[in-house]
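Chain nomenclature is as follows: A, B, C and D, assigned in order of appearance, with residue numbering initiated at 1 for each chain independently.
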Amino acid sequence: MPARNALFIPGPTNIPEAIRRAMDVPQEDQRAPDFPKFTLGLFRDLKKVFKTTEGQVFLFPGSGTGGWEAALTNTLSPGDRVLAASFGQFSHLWIEMCRRLGLEVEAIEGEWGEGAPIESYAERLADDKDHRIKAVLVCHNETATGVTSDVAALRRALDAAGHPAMLYVDGVSSIASIDFRMDEWGVDLAVAGSQKGFMLPTGLAIVAVSRKALAAAAGAKSYRCYFDFADMARANKDGFFPYTPATTLLRGLRASLDMLQGEGLEQVFQRHHHLAEGVRRAVAAWGLKLCARHPRWHSDTVSAIVLPPGFDSNLLVRHAYERYNLSLGVGLAKVAGRVFRIGHLGMLDEIMLLGAIAGAEMALSDIGVPIELGSGVAAAQAHYALARPEARRAAAG
Amino acid sequence: MPARNALFIPGPTNIPEAIRRAMDVPQEDQRAPDFPKFTLGLFRDLKKVFKTTEGQVFLFPGSGTGGWEAALTNTLSPGDRVLAASFGQFSHLWIEMCRRLGLEVEAIEGEWGEGAPIESYAERLADDKDHRIKAVLVCHNETATGVTSDVAALRRALDAAGHPAMLYVDGVSSIASIDFRMDEWGVDLAVAGSQKGFMLPTGLAIVAVSRKALAAAAGAKSYRCYFDFADMARANKDGFFPYTPATTLLRGLRASLDMLQGEGLEQVFQRHHHLAEGVRRAVAAWGLKLCARHPRWHSDTVSAIVLPPGFDSNLLVRHAYERYNLSLGVGLAKVAGRVFRIGHLGMLDEIMLLGAIAGAEMALSDIGVPIELGSGVAAAQAHYALARPEARRAAAG
Amino acid sequence: MPARNALFIPGPTNIPEAIRRAMDVPQEDQRAPDFPKFTLGLFRDLKKVFKTTEGQVFLFPGSGTGGWEAALTNTLSPGDRVLAASFGQFSHLWIEMCRRLGLEVEAIEGEWGEGAPIESYAERLADDKDHRIKAVLVCHNETATGVTSDVAALRRALDAAGHPAMLYVDGVSSIASIDFRMDEWGVDLAVAGSQKGFMLPTGLAIVAVSRKALAAAAGAKSYRCYFDFADMARANKDGFFPYTPATTLLRGLRASLDMLQGEGLEQVFQRHHHLAEGVRRAVAAWGLKLCARHPRWHSDTVSAIVLPPGFDSNLLVRHAYERYNLSLGVGLAKVAGRVFRIGHLGMLDEIMLLGAIAGAEMALSDIGVPIELGSGVAAAQAHYALARPEARRAAAG
Amino acid sequence: MPARNALFIPGPTNIPEAIRRAMDVPQEDQRAPDFPKFTLGLFRDLKKVFKTTEGQVFLFPGSGTGGWEAALTNTLSPGDRVLAASFGQFSHLWIEMCRRLGLEVEAIEGEWGEGAPIESYAERLADDKDHRIKAVLVCHNETATGVTSDVAALRRALDAAGHPAMLYVDGVSSIASIDFRMDEWGVDLAVAGSQKGFMLPTGLAIVAVSRKALAAAAGAKSYRCYFDFADMARANKDGFFPYTPATTLLRGLRASLDMLQGEGLEQVFQRHHHLAEGVRRAVAAWGLKLCARHPRWHSDTVSAIVLPPGFDSNLLVRHAYERYNLSLGVGLAKVAGRVFRIGHLGMLDEIMLLGAIAGAEMALSDIGVPIELGSGVAAAQAHYALARPEARRAAAG
């Protein structure tokens, strides 16, 4: 009996029924006279999710990785210098991409488990008197380690240094789930993907671009065509696209934006925090440690959990999948075999997450990790249940 | 954010993805030349689920209640005497229906929480020397109290009394989930519905009829037309129906039968037992009691749980729904307000059920029932997790 | 390549995307606190479709045939006399049902191809001085012959005779497609099904009941339970049902009502008339005759077309299905082999219908019926295309 | 009443039900242990569609335009010379992309309405004694003009010239619909998209690469990362992907391949030819001309039709959409306003296409183009219907 897989990887995330239905549509004519009315509404509402009024949002058929590439090739020229910190697999990969695309990277080696090293950024920026650094890259939420960084602090560092470099943010696993403020934080390029907080299948690279970045695009000499902002901007202006758009996903995006707005962005963030906190209490009850070394970096979308020495997290994840039909995230690269991850973003509530915690407990116990069955669940429940007497009294009618 | 409702009522049950997809089809021509090939396969495979080779299965657009009516009106005449026991809301309602359809009911008043009183049946049958009783009715699985009865024992009682009455079984919440053996147990009429073990939406009354019952139908004088066996049999012979069938559900039924056969019926029963046992251990860990008074009556499809005095199960169920988006079953009729029910049938696995148990715990705690959060989950996990050291060693690679 | 079947039988009809999506939902808790809000809206809006403010609408899991039975068993007693005319297979079958349910039928034998013989009804009513006739039955739209009858005239006949009998209307293939006015025409019981004008799958019997009929139900002695109005009325009052409802179809019904109201009922009727008229012009261009003998009986939901002598309509329908994947309706009973039918109701537009007409032409030509390819299409197009010069001028910008 | 849009643009094409259902799935874990078994089957079967045993197929989240870019950036270095002909909007755009990606293009200006000018290619290749041309690009099926070119002849030209340049083919609107033979024609890079012959939504760039091209990739110096073949090859080897794949589309692709294989590729091509021929006969009957100037270039996937002087094809297309809910293709670039297009590829049969032809006739007539209603339909029907007396005799039973 293949019951439904319990999907708790940090993306792709579970698709809400309303979004599945919205995507289960016949193909449509992307040049129809009434198509622009539909698409222009998407662009308008996406800006609210990025919290930008000045910026412009582009939608490419592609994945978040394509969004990274779009950000770099549209605004930089080969040989341009970028400043970036590596403190997890995804921040590492973006740096790798920079190099492969011909950019010169000033890389800060951060610690896996810590947030972006703002002070190191600040030092490098201060040192860069002649402003050779064109762009500062940061990963808002490092999915590999479950660490959220302080983008606002990085903006303050740039300002403190009086440095004109643009600020590029990988928000793939944060935007639409964790508070992100493009305009307030002075972000020039923000990259998101459809398959995380937007609760859609993979297939849309979503890139928000500031006016400054758009202006920079005019002079950038990196070759690009598929991901070209200018082509998009020209066609998008009238609600069309320079080549065939992924209309099915656009229809799903409409439903996604309606759901996000219906719940309210701040409420979405609060819900993620509330749910994540339950997971963290479970981890503590198990006597295990998060990869994230300090609460200020705790990610509300993914928790990376360190196994005790001698246990293999790949085995754990495989066993959870095969025995309990529960998908957890493996540890990646530096933390492979040592860390497993619980994704807790997108469409999610307490009951779903408690099932996953219970399943993780059984899998941990099965492979011999000395935890007490039910302990994590109880700790999470204590956080989720109505704690205050007056609330309980109300529930009691 | 309306995440998905956690549906743990004792039917309708959760629909597997494969069945949902199978039903998401355009309407079709129920007189098409290739339609019979499809429908004849359904009848063939349904017989396997009822474990009958001699009987015939009919599919009416309707609910299980319609199946009850079909069984009665096709085979009995007004004034005919039937013997039936009432020991829960559904066994009670079937008796009520008998009376409303003009039958004379010899009703045995059983205890809610106990199984069908086989000895009382035996006595009445023994007393009925001139065989005025035409039919003996029994509810295999009483959904209101979570009690499964011993149909084979009832057959033995009939045989012991040398009584020729036909045996009618309400198998709505057992068939396809709990072992049911039409031919072996000498059942003449068995009623199932689409929305329980078949994992479909409500809308099909599924009635299996023995040769003896079909023969009886010829002489039965109750008026019927919509639910007439003879009309069905005549059209079904060639794979058609006397009036427009619910083809969408028939397509789903094909997927359902494929799933049941793919897993294997015995494995399906075993899985239900395995999952149900976890729920029962949770209830014990909470210090609560099942409505079912003895383990031999424990239902593997639904557990009815008694709240301590002073607590209102309607409030509990409402709170679970409103606060945790968890649907539990209320107590019905005699046990309204005192009992709540967890349905554990159909598409289900450990993770899903642990989420429901965890949710029930929070709701119980919230309304003040003195249970320990996590205690039920831990007890169920202890049953579900790999207990034996050698199994754990295998999991550990 | 199984492309989509072109479904042009007179029901089930093509399901609009919006309705398919609305039904592609998880199962739900039919006792949830917010369920009544949903269902009460359905009852409210259904009354608008039946054009009744006084009547009450019931929804049974079942087919239209079940609706017929509900109407009869709730309001009549065995031995009661009903007056009904047979002028096609469906009017015939309802009469048959009356007899099987123990009613005494005064049957008027009408002509297949003519509407309900209002004058004969009038005569019988006038003759029935002591008002032994309790109910007058009529089929509003006879699906077998493509004939729509004048229900208002039948009401006038009743009134002229000063006859107190109740008026029962089979509106299965008319309601929601052809104008029907329950209150204005003094209809006491109107039966519809989900799979015609409501554009849903088969599975809901929809019965509208006048206050007078509800009052009659109190005294009616026919046995009934599944289809009992009183049980329904009691539970429906609070938005619930006496047994598990077919919630999937109810969700679809919501979408159906939204579509009907969105387009506007009068506009729906007008569209059906407009489309049907194109079919009729095609038939004339082919040199064939409709089964309906006079334009005043032309049905806007189905056209029954008579083949020239020597041709077999079963062969035609089978060939169209196998060669062109086009489903047409066969001739039934008296007109089997001589008539084929094109259903043109529900979700439909000119392009879809022209495809069907073109397909019917090829199939007719293939089996040797001497028609000119394209002739019917051209005639329908001439009706559908913008005929007036000023309209064409507007289209020409 | 929004009935279903009749979609007859040359892509995206209508999605078969089986594919829609296959894509209506929950998100899945792209690192699950059983994921590779699924994906490796896709790669294996895709090779059959491209008719290659030596080549390798890559699947990028993106559109066909992304496939073009992948082909160029993986195998060429800035400044490399390519030879390409422009004879329609899509062949033109690929040349434009080459230039924007830093390649030096030797462009042949072909005629819109003619196929790829093989002789001109041959001359240029003969002239290129020192083999500066690294790659020869050709558009197999020019979607803007409805012209199919002779790729085999281009291969012969390369061979005749003894020229080592690689052969790149844009097969976006031909592959899986029109015969394409990668190995036999010595094609090094073939680009397809999901939304044409594969009958999927937009979102997959499908690129087949010969061994020679893969070897060339090792030395190519164009910057690329998202579309990098080597990253893909490394991960694909084990059935995984270098970044999150669009699993929903992959599930749909499985169904698409099953359908293509079930019908048989040659049968798919034959069906497209059969259907297209009907459209061409309709155009002739209207007295209009195809954009394609000679039958040897007739495209079996799209017909571009030239309006008589004085008529505006944009108006026609808009009117067809707004009045008849029929989506036709507009004329692009050089032929904007003068040409409209009927896409006839993917899931399609005679009835669907006759509906579109009938709709196009009405729209043409409405805007004043002097055509006879029904004439095109009749011509197409004459091609589709059973012409031969013996076939008709068989149909007649």
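The rule is simple: contacts are C-beta pairs under 8 Å (C-beta built on N, C-alpha and C of every residue); 3 or more make two chains touch, one makes a residue touch a chain.
Quick caveat, the model's predicted, so the values are computed rather than measured.
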item: Centroid comparison with subunit C (C-alpha atoms), farthest chain; value: A
item: Of B-C and A-C, whichever chain pair has more C-beta contact pairs; value: B-C
item: Whole-Å gap between the CA centroids of subunit C and subunit D; value: 45
item: Whole-Å gap between the CA centroids of subunit B and subunit C; value: 35
item: Separation of mean Cα positions, subunit C and subunit A [Å, integer]; value: 53
item: Residue numbers of subunit C (touch at least two other chains); value: 4, 17, 20, 24, 26
item: Footprint of subunit B on subunit A - complex, ascending; value: 1-4, 6, 16-18, 24, 259, 263, 267-268, 271, 312, 315, 319, 323-326, 347-352, 354-356, 358-359, 361-362, 365-368, 372-375, 377-379, 381-382, 384-386, 391-392, 395-397
item: Subunit D residues within the subunit A interface of the complex; value: 4-5, 7, 9, 11-15, 20, 23-24, 26-33, 60-66, 68-69, 73, 78, 97, 100-102, 193, 195, 201-203, 222-228, 242-249, 318, 321-322, 327, 329-330
item: Subunit C partner contacts - residues on subunit A that touch it in the complex; value: 17, 20-22, 24-26
